[in-house]
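Following this message is one structure expressed as structure tokens.
Chain naming follows the written order as A, B, C and D, and within any one chain the residues start at number 1.
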Amino acid sequence: MTIATEQSKVIDGVKVEQWVRMYRRMVMVREFEENVNELYTRALMPGLAHLYIGEEAVAVGICEALRETDYITSTHRGHGHCLAKGAAPDRMFAELLGKKAGYCKGKGGSMHIADPATGNLGANAIVGGSAGIATGAALSAKRLGTGQVTVCFFGEGALGQGVLYEVMNLAALWKLPVIYVCENNLYNEYTHFSETTAGEMSSRGMAFGVPAESVNGQDVRVVYAAAQRLVERARRGEGPAFLICNTYRYHGHHVGDINREYYRSKQEEQEWKTKRDPIKNYAAWMIENKVADTTKLEEIQKEVHAEMKAAVEFAIAAPYPSPEEAEQDVYA
Amino acid sequence: MPEAATRELTFAQAIREALAEEMRRDKRVCIFGEDVAEAGTPFKVLSGLVEEFGRERVLDTPISEAGFTGMGVGAAMTGLRPVVDIMFGDFLTLTMDQLVNQAAKVHYMSGGTWKVPMVLRTTLGATRRSAAQHSQSLHAWPSHIPGLKVAMPSTPYDAKGLLKTAIRDENPVVFFEDKMMYKLKGPVPEEDYTIPFGVADVKREGADITMVATSSMVQVALGAAEKLEQIGVSAEVIDPRTTWPLDEKTLVESAKKTSRAMVIDEGYGRYGVTGEIASVIAEGAFYSLEAPVKRMGAMHVPIPFSPPLEDVTVPTEQTVFEAARVLCGKA
Amino acid sequence: MTIATEQSKVIDGVKVEQWVRMYRRMVMVREFEENVNELYTRALMPGLAHLYIGEEAVAVGICEALRETDYITSTHRGHGHCLAKGAAPDRMFAELLGKKAGYCKGKGGSMHIADPATGNLGANAIVGGSAGIATGAALSAKRLGTGQVTVCFFGEGALGQGVLYEVMNLAALWKLPVIYVCENNLYNEYTHFSETTAGEMSSRGMAFGVPAESVNGQDVRVVYAAAQRLVERARRGEGPAFLICNTYRYHGHHVGDINREYYRSKQEEQEWKTKRDPIKNYAAWMIENKVADTTKLEEIQKEVHAEMKAAVEFAIAAPYPSPEEAEQDVYA
Amino acid sequence: MPEAATRELTFAQAIREALAEEMRRDKRVCIFGEDVAEAGTPFKVLSGLVEEFGRERVLDTPISEAGFTGMGVGAAMTGLRPVVDIMFGDFLTLTMDQLVNQAAKVHYMSGGTWKVPMVLRTTLGATRRSAAQHSQSLHAWPSHIPGLKVAMPSTPYDAKGLLKTAIRDENPVVFFEDKMMYKLKGPVPEEDYTIPFGVADVKREGADITMVATSSMVQVALGAAEKLEQIGVSAEVIDPRTTWPLDEKTLVESAKKTSRAMVIDEGYGRYGVTGEIASVIAEGAFYSLEAPVKRMGAMHVPIPFSPPLEDVTVPTEQTVFEAARVLCGKA
């Protein structure tokens, strides 16, 4: 099998190795989330979680354009971002189950995965809450001359939070290397974004001096290309950007949101799932363009599947922190 | 206390009923917040209201807590009686300027000419496995601010009566609901009633120790009181129901009678509600107290996610029972 | 003297009576502020005050387009707004001196003049702090069907406050009758707005679905015409607007800001004062267009001057509140 | 306490010197806020810093308190040591989400992996005739929140030493300066020194009554102590210097010694600092106290503008003196 081994071959300006990695990462995110859902249904996970299924191309396409030392901030729907930036599934599952082996020693849970090693400044359960942090990290990078770029992920619901505009303005004034990535999945919880967002979404960037673009968030190639361009621009010192990725979440707002027909139709869901699935469509493109063949893709799926099963088992078997740990880590 | 307890309602139903009745009574009452119409809030507390009152009076907002709280202030000044819905008490952080620099001060700064009859409903309480940004009990902050009133019911009956009072009050009221209590059932009469602010309720009479408990901690204290009875300690449980105005007299009189007091509140134990109430009692019942007032609040840590960690951060029946036992010299 | 008596004559589509009133009001504001400055220099006024001198055409032009029952919210630099909306100078001075006869019984002072009788929802010492209040008042007007319009005055410094965008978005979504009037006097305290404001200022409206315009704030006729149009549009239920009035404050940020050369040049100040003074230029236009003659204008100036002197004397003579009043008016 | 008090500085100069020295010592220290560069702040506390350190390290921001406080958090996490300037303590209302849901919780929520070495400097204090939105003392709020430390110096010496400690601390510190105190002079040595957090300072020794006072109230308490001396009462004045961590031991030991205590703080008297400290003393010195702990804070009203009104809202030498006299039975 020549195709799969020719990792350094370049297709559409990108190495095959990278195309394959993006595929693997998207599959990882999906498999991870399927397992989260199952852990919830089996009552093995405390609390709730917000699944990223359907939006995989966004996190993966963006993070593919980042270096390991670059920063991200994430959201309540953050598993995809963390994985795409390189987090290990076993420690993530452990965190989701409140185990000591988790990224936050069980203190954070689903909505607060953070990891200095992969540049993950932390997921945030306050909508819009990490915009300041991301912009501050960009200030550090600029002042310290490290060349790092920060990506601030948020849902289109965060466009309601004024603090976002405060920091976009600052990022533009100070030409900070930060990309604001708006994941427009159409809903703020149960309310359609058109009921909460006046005006043209992309003008929300330009009004604060931040150039904006809007792309198909279901196509990892498109997302990656845009991210690549904007990240390099930021790295060159040319300032921030605002990137809207149009996407869709297949599941409920959170794992408990099962009956959704009062706010969106089954038909709408079906259409996104069947016609615009980021993994299926990307797989078809890969095969068509000889980036990989079916066997290779199936192999990846199997590997990821096994990896996730092992990670889940690791997490289930891992011990809880002991109660005394509640008082630790309040102060550094 | 309920008189004609013909039926039981959950805490959530009691809230909803108070809102529905007030909205029927007074066309100026309206609700706004995130997902209040479409979804009736994530806690489903408001389900059905939009169907009855329409989208003119139950308004879904963008995720703009500061903005729509500020609009609540302006709307209240000019003829509406808004009930602003802040989904989680943790998001109060975003509304503090509107609440504290605007709502609380408008009446005073204007020399008493403008009024702000607004209610801000929000939640408190941990142990829902929601981690540090969705588990705080921040009611000490507004209680610290003159110009605001703060109510925190502990039963369906109180919830309905206090919410009606809040809506009819001419001042901004911050109304805290324990989100773990929404499914708690209790008697609620059919007739219209209100509960005056600043009147504590003796939830259980006792002779040996006074337990002042708020909101979520009232049930905990009552549970502890049951256990105490088994070891021969008679505990009086008092719920101030509003932290401001505060019914100092009832608290102090009880402590004078029992000579021992503790204060249990789910907010952080430091610089919060327990400090105030313990001071009021320590001062008012100084010559009667046989032991220092014992304070119990949330552990001074951000609320952790992991169940075994989270569970030790808030007072429980068991920890309250034990503290009371020690206080009464029965350890 | 025919001109002055022909009050109902129409010039440029506006009654002479109205043109004259605008002149009188601008002179009132200026005279009021000169007296405030003197009260400060004579150490008769507690605290500080932010003078509106130079910006008179904005408040006066806007409020001329409003009804008595319409609402305004004002700022730390608010005396002009209050007077233009119909406040009585004597009670305003009394407030500034902390006297019981003041609009707020002495409790508010310079930055908190409020008056239900003239629809003044209150001046605000939090930059951007009244944007929510103004938008809420517009919600009331719409819901109660009163036909009232609200004007929210703020300086360009308030463009830094995210809450402004939160409520503009809401006003656009709900088509609320509110006009956001941005008084761009070039400085946020001591910092030039170009150092604090990225992008195109007027796009800050459109990005949230609020149509924006930018006008010469030194020309009361221009301001009035724009306000008239936007206010009527709002009254018809067609929604909010964002109006930028370009203007200049002649004095310091507050009365104590005397040496300003470290942040702006004397030359710049001189240019605005001599070439673009809203009162002088308007007077010239009035005379040229026979709206009034010099005698009439001098007469107005004298009247206003006398009125202000009397108002100041009233305020100086008025008693302070008694200390017990400190505990009153906390709750209604 | 100052050792080699070779010279006197004002409180403002002491703050500025601490910043300048720390900025020289550590290139990562930077300042941002409104008018910090161009004007050196309206209080002129920072005058001259931009000249020495340039606009890369002293940054004028838009009027975006939430935004730039949030940036402070992110910058602190990633290698800078920002000192965020919030002009008036009243504007803390706008920063509460960044401060409380972000800065205070990042370290804990991340399981101790990320740190937030940020200082937020702001002001407190009334009687400047600035009315309700520019006169508040809101330090009780951050003191209530685990993850934050809160310092509030009362002398130029403490200001410099505590600010240096704050800047070198690995945690978010909220630093309150009494704006009426900027011109107060006091001895400040030339040598580098820091003052540890959580160590109270006995500003005056005494035997008959313990006066715990914070920030602006320390001078007031010292003045009252002078007066008390004239009527034969020896007052001990203690400044906790940081409300969190709190040096409970020193406060309690003093109260045990004197058997009478009062707490004087310029924040609102309700649900604030006085309640906490009075409770700590009432509990710790329970068996020694001869009278209830007396609390004095700001009157429970928005701060009024008019001088005769404003003047009665905060404790003064005279009111503190009188309260102490009554407490000591010398009335």
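The rule we apply is simple: a contact is a pair of C-beta atoms (placed from the backbone, for glycine too) under 8 Å apart; a residue touches a chain by one contact, two chains touch by 3 or more.
Since the structure is predicted, the reported quantities are computational estimates derived from the model, not experimental observations.
Engineer: Centre-to-centre on C-alpha atoms, which chain is most distant from chain D?
Structural biologist: A
Engineer: With contacts counted as defined, which of the two, A-B or B-C, has more C-beta pairs across the interface?
Structural biologist: Higher C-beta contact count between the two pairs: B-C.
Engineer: CA centre of chain C versus CA centre of chain D: separation in Å?
Structural biologist: Measuring from centre to centre gives 37 Å for this pair.
Engineer: List the centre-to-centre spacing of chain A and chain C in whole Å, with centres computed as mean CA coordinates.
Structural biologist: 47
Engineer: How many angstrom between the C-alpha centroids of chain C and chain B?
Structural biologist: 41
Engineer: Can you list the chain B residues in contact with two or more other chains?
Structural biologist: 61-62, 64, 66-67, 90-91, 94, 97, 101, 108-109, 131-133, 146-147, 299-302, 304
Engineer: Return the residues of chain A touching two or more other chains; collapse runs of consecutive numbers into ranges.
Structural biologist: Residues 104-108, 112, 124, 126, 129, 159-163, 166, 169, 173, 195-197, 330 of chain A each touch two or more of the other chains.
Engineer: Enumerate the contact residues on chain D facing chain A in the complex.
Structural biologist: Against chain A, the touching part of chain D is residues 28, 30, 56, 59, 61-62, 64, 66-80, 82, 97-98, 101-102, 106-115, 117, 146-147, 149, 170-171.
Engineer: Residue numbers of chain A touching chain C in their complex, please.
Structural biologist: 159-166, 168-169, 172-173, 195-200, 203-204, 206-210
Engineer: Can you check the complex and tell me which residues of chain D touch chain C?
Structural biologist: 34-35, 38-39, 42, 60-64, 66-67, 90-91, 94, 128-134, 299-302, 304-313
Engineer: Using the touch definition from the top, list the residues of chain A that touch chain B in their complex.
Structural biologist: For this pair, the touching residues of chain A are 46-48, 98-99, 104-112, 124-129, 157-162, 188-191, 195-197, 262-263, 320-323, 325-327, 330.
Engineer: Within their complex, state which residues of chain C touch chain B.
Structural biologist: So the residues of chain C touching chain B come out as 71, 73, 102-108, 112, 114-116, 121-122, 124, 126, 129-141, 143-144, 146, 150, 162-163, 166-167, 169-170, 173-174, 328-332.
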